[in-house]
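The same chain A turns up in both complexes below, where it pairs with chain B and then with chain C.
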Partner chain A sequence: MITVTTKDSSKNSTTKNGTDTGGGDVRLSGISKTYGSFTAVQPLDLTVPQGSFFALLGASGCGKTTTLRMIAGLEEPSSGTVSLGEQDVTNLPPYRRPVNTVFQSYALFPHLDIFENVAFGLRRRGIKSVKKQVGDMLDLVQLGEQARKKPHQLSGGQQQRVAVARALINSPKVLLLDEPLGALDLKLRRQMQLELKRIQTEVGITFVHVTHDQEEAMTMADTVAVMNAGRVEQLGSPADLYENPRSTFVANFLGTSNLIEAEVDTRNGDEIVLRAGGGKLVLPVARCSAPTTTGGKVLVGVRPEKISLTHADEAGEIPAGRNRITGTIADSSFIGVSTQYVIDSPVCPEFEVYAQNIDRDARLVPGAEVVLHWNPAHTFGLDAAQSLLAGTVDSAGVETVGPDEGAAA
Partner chain B sequence: MSTVTDAPPLAPAPAPKERPPRKRRRLTPYWLLLPGILWLLVFFALPMVYQASTSVQTGSLEDGYQVTWHFATYWDAVADYWPQFLRSIVYAGAATVLCLVLGYPLAYLIAFRAGRWRNLILVLVIAPFFTSFLIRTLAWKTILADSGPVVGALNSLHVLDVTSWLGITAGDRVLATPLAVICGLTYNFLPFMILPLYTSLERIDGRLHEAAGDLYARPFTTFRKVTFPLSMPGVVSGTLLTFIPASGDYVNADLLGSTDTRMVGNVIQTQFLRILDYPTAAALSFVLMAGILAVVTLYIRKSGTEDLV
Partner chain C sequence: MAPIRWLRRRLVVIAGLLTLGYLLLPNIVVTVFSFNNPKGRFNYEWQRFSTDAWTDPCGVADLCGSLSLSLQIAAWATLGATVLGTMIAFALVRYRFRARGAVNSLIFLPMAMPEVVMAASLLTLFLNLGAQLGFWTILIAHIMFCLSFVVTAVKARVMSMDPRLEQAAQDLYAGPAQTFLRVTLPIAAPGIAAGALLAFALSFDDFIITNFNAGSTVTFPMFVWGSAQRGTPVQINVIGTAMFLVAVLFVLAGMVISNRRNRQKAS
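And then the complex of A and B:
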């Protein structure tokens, strides 16, 4: 899995700016979609603040695209309402909604050239002189030279930009992006992520972006809603989701988490002391989303990059007050900037640790006895009633969560 | 198989190995073409040459025919039979337009709305082919019979007054009028219109409709600006597949028409099989072919299909 670096918290402020006006928010109230006996989207309440870059993140089949299509009007909700600002658009056909979509496969009109593709929306609204506007828009996406080419003559990245231009030129209240970068190769995808972010900042339109790529969601969005099995598991800024996951699905789907089953021992002010395999771990109360009755089970989580590795011979030098676990190095792989270790520990068979390659300890090789230790403030607590593997690569998208698990949304 | 590719071969080794298959590959297209070429040669090119020579021969059945480069046969054929030529073009044209008007909605329905009924409807479209062309056309004689329910209904609805005024029916009859011939042509060639239309409509990505709707196009505008332009290849091949055989057809005019509705196909048939004037029959065939080629070329130029993907 890809390592995710913690984002700075400056993104939170951009979200807040839009919230105050509330005039162009996208509001979904109790919206759901069922196909026969299959429920694609569970009743869902969601507000996308005006001007924000909002990502719906989840594995395929989690209902994120269906949610997007209900906003666009391409799918009729089975229940609930969709509002744009003050206007209830639930029963409006797509051609009456001030919303435009960038489709997954772009859906450019093959019989029209780039200019006419981009001008399509303007012409349908009866605007006669489109030349200047289309020219400006093509310049914004750096395709001014290609105006008279047909879509099939352009590369994937260029087609993608045409699709964005064709939607943006209508100055929609909301721009919907359905996996817009899915068909591009990795390098181009990176480039387009920045490009889309730049355009969004420039035009200030609300973007709702559907993706299964957690890194893409984190790079671009102000707010991410993680979806699983038709419901929103958790919603928040990328940094918040990463640091404080409230379900095992989020903990595993966004980056990697080490999860340890532990038993509540005592509660000590705003800290909980837990027992795990003979050792004691400390968890801040504020970072625990599970009920903590003495003797109850809690899943303790910690991100791999928060952990320090010390050889067992020097265990005495570890400062007091840190959570510690002992184990044996099972595997290590050198990545360049960091080394990734897999530790075999009595409390967790495959504990992952990412260590920056600052001063490499030559003794840390497979087979070595080590002590893992971390600042208790980096520990988070999850309800033990859920699957440890939810949201991991093997189970992504198919894991259904228990009803009492308190999907935080 | 895998053993060859697994080991990294030495640089010069694969070069001689590759050469023979490459040569064979270059010849493959020609081998594939061969049966078709032979077929065309024997059953199209040779008869064409034979007919071309027939068309410039003179003589009589008793004395035999000789090639005398008598091109006047062409001029006489056109001068004598231009009304039949004109009728062929008009009837075939009318039938083609009717086929398009009737076939397009059905093809659209099959392609976009039929769901699980799609294959069944497609089978129904070609189902008439399981009966002989002749029998199907004869059936229309019964359908359009003077005392039949169709003519009765058309009469009481005063439709026949309108068609009489247009000159395509006469009095209370439909049989033995141009309308009957056009109906027969339309009926017989409808599947040739529907199938290519369906094929080109079916290829249209449904997301283009969604995209058009998303970009403020109402359903009808979506049809006008996206669906119809993208179905043009089907429209062109459908109209050609209908118009070309319809303009050479003689069975419908023979069974459903009268002496006043004779098409050029009927003339050719009579010249070949009854009057036995082979040069005139051959000349008429070539004029018909040239006429169709001219019309088709003009049509393709006009519709500009080469611009489509």
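And then the complex of A and C:
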């Protein structure tokens, strides 16, 4: 386990409790990046509060890494400014910014040993006695014994820790992490996620983490910005993004959503009644991000784990006031903690339902007639003028992009 | 059957030894004949053992002068070709510019061109320019034909270099000069060293191009060629053997250093 304490280095003030002058917020104002006719990042405003663990989440090519590199100074923005606290750093070269990066492939210097890799930043800033600081830092990442080894002699996980140590020893105002866990196997990745999260909590430095892995982003970050085609689709806490997605991309990219096309029927106070496939569904007004004119279309969404499954014979026992849809079980797969069903229903041929394996009803097998029902409070409404498939991931884990995004990317 | 099995097991070793012998036999002859005491002017027949030539390597007129000239030219040509070649290699790998593709292929022309043709053309060029043949024309010619080799060696190394390493250096407070000195150069060093060694060897023993463009200046290969017409002094073998030994020493030193490094890493 890694424990890190903040250390003072002579030139960079540390930011333990946010008492630094002017704060250490990262502010991007109207920042964009274009390469010829291709726009990698659309004009973007973003504030990362000091001391937070912030994740930029999106599929490859969505502009998240470009955004990170503009903060680091490795990419020059086509427009807009980057500020750290009160300081405008837009025109500063990377070596003058109080920012350090953990690169995707670690980018450890192959000709230097571990000690010199970690000492690199301190030495460049003219600090003579680095021995104690580097030794402490290496002990903290449990690599004290390996100090005189070359990077290629270490395992992937160890190299990753060297990369973190090499950046963190400089006590930067912001630590940028560019898919730092991408090269590790699943188990190690889970372990490093928790360790990085704890390091961040302990040192209190702002972390900006770029990843395409939604689970990783949700596990580690306080705030997640979901990016798609050079834009921030939605920004919020992991729970907020998951429960209240505001676009089909977010609904599909973070976890799985069932999306149904429905027509606005009536509006009673803070509830909207919708018609879908002959049935009626209720949607709280507060959870609808789309314009709702009577007769207009909206996309109704609900997460698979919010839905209960009841055999059609017992449909009468379902409490009133719940949203209902009837269908036939097309497929079921038992995966231990839950059973995942695919339901063929008139409103959607592949309605997904995850049921906890508490009391398994033996009649719920493929071919059985069922009623799906859920609390209307778990329903969300989206603008119907978007692709239903935006941000979906097929079973092989390959991201498929909806037609709109395909054209933009 | 037994001898066949014996042969089959050792076939690779035998083939290896034979090849090694084929490679080294000429060197052995050079070394052995450096201890000869020939009767006439020609050192082609073994007479009797003597160390006369070893104790007096400069005993032949002009030999050591030509050797020193060759070493000087080789040193300067190596320096010039390595510096220019390294810069060309970096430019070709790192930057996209107009005619990059053309430069990339043109740089190999001196390697492909028959040496004797190039030598003659160079002489024409120098004569037309009214240049005085000698040290400088030789040096210019040597830098020119060594360049391609240096570019090839360095380019291979630079191409395999991760550009993120330099970005990481910049990210860790190293300015452009520091980044180059602390990261780029050390990582490219093996390629640059290989190019430099190649350039030195090529320059030192070049005969054809040098002979055309030397005027009245005499380099070591030209001296050997010239004396071969009139008789070959044993000292030539002494110099040859000494060069061979120096090269072997370099290789051995390199091996010892890398062995020691590996052992350190293992511990």
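Remarks
In the analysis below, the second predicted complex is superposed on the first by the 371 of 409 C-alpha atoms of A that agree within 3 Å, B and C clash if a C-alpha of one lies under 4 Å from a C-alpha of the other, contacts with A are read in each partner's own complex, and residues count from 1 in each chain.
Everything that follows uses one rule, which is that a residue touches a chain if its C-beta (ideal position, glycine included) is under 8 Å from a C-beta of that chain, and two chains touch if they have at least 3 such contacts.
Quick caveat: nothing in here was measured; it's all calculated off a predicted structure.
In this overlay on chain A, chain B clashes with chain C. In the superposition on chain A, contact is made by A:Q153 with chain C only, not with chain B. Look at A:L74: by the touch rule set out above, it reaches both chain B and chain C. By the touch criterion defined above, A:H212 reaches neither chain B nor chain C.
By the document's definition of touching, both partners, chain B and chain C, reach A:Y95. Within the superposed three-chain model, A:F103 lies in touch with chain B and with chain C [touch as defined at top].
Judged by the touch definition given at the top, the superposed model places A:R125 against both chain B and chain C.
In the superposition on chain A, A:N170 makes contact with both chain B and chain C.
Shared-chain residue A:K33: touches no atom of chain B or chain C. After superposition on chain A, the chain B segment that clashes with chain C is 41-49; the remaining candidates among 5-13, 41-49 or 149-157 show no clashing C-alpha atoms.
When the two complexes are laid over each other on chain A, chain A has residues 72-74, 93-96, 99-101, 103, 105, 107-111, 120-121, 124-125, 150, 166-167, 170 in contact with both chain B and chain C. By the touch criterion given at the top, residues 205, 207-208, 210-218, 221, 225-226, 229-230, 307-309 of chain B touch chain A in their complex. Within the complex formed with chain B, the residues of chain A that make contact are 72-74, 93-96, 99-101, 103, 105, 107-111, 120-121, 124-125, 150, 152, 166-167, 170.
Contacts from chain A toward chain C in the complex involve residues 72-74, 93-96, 99-101, 103-105, 107-111, 120-121, 124-125, 148-150, 153, 166-167, 170.
Every residue of chain C that touches chain A in the complex is listed here, in rising order: 162, 164-165, 167-175, 178-179, 182-183, 186-187, 264-265.
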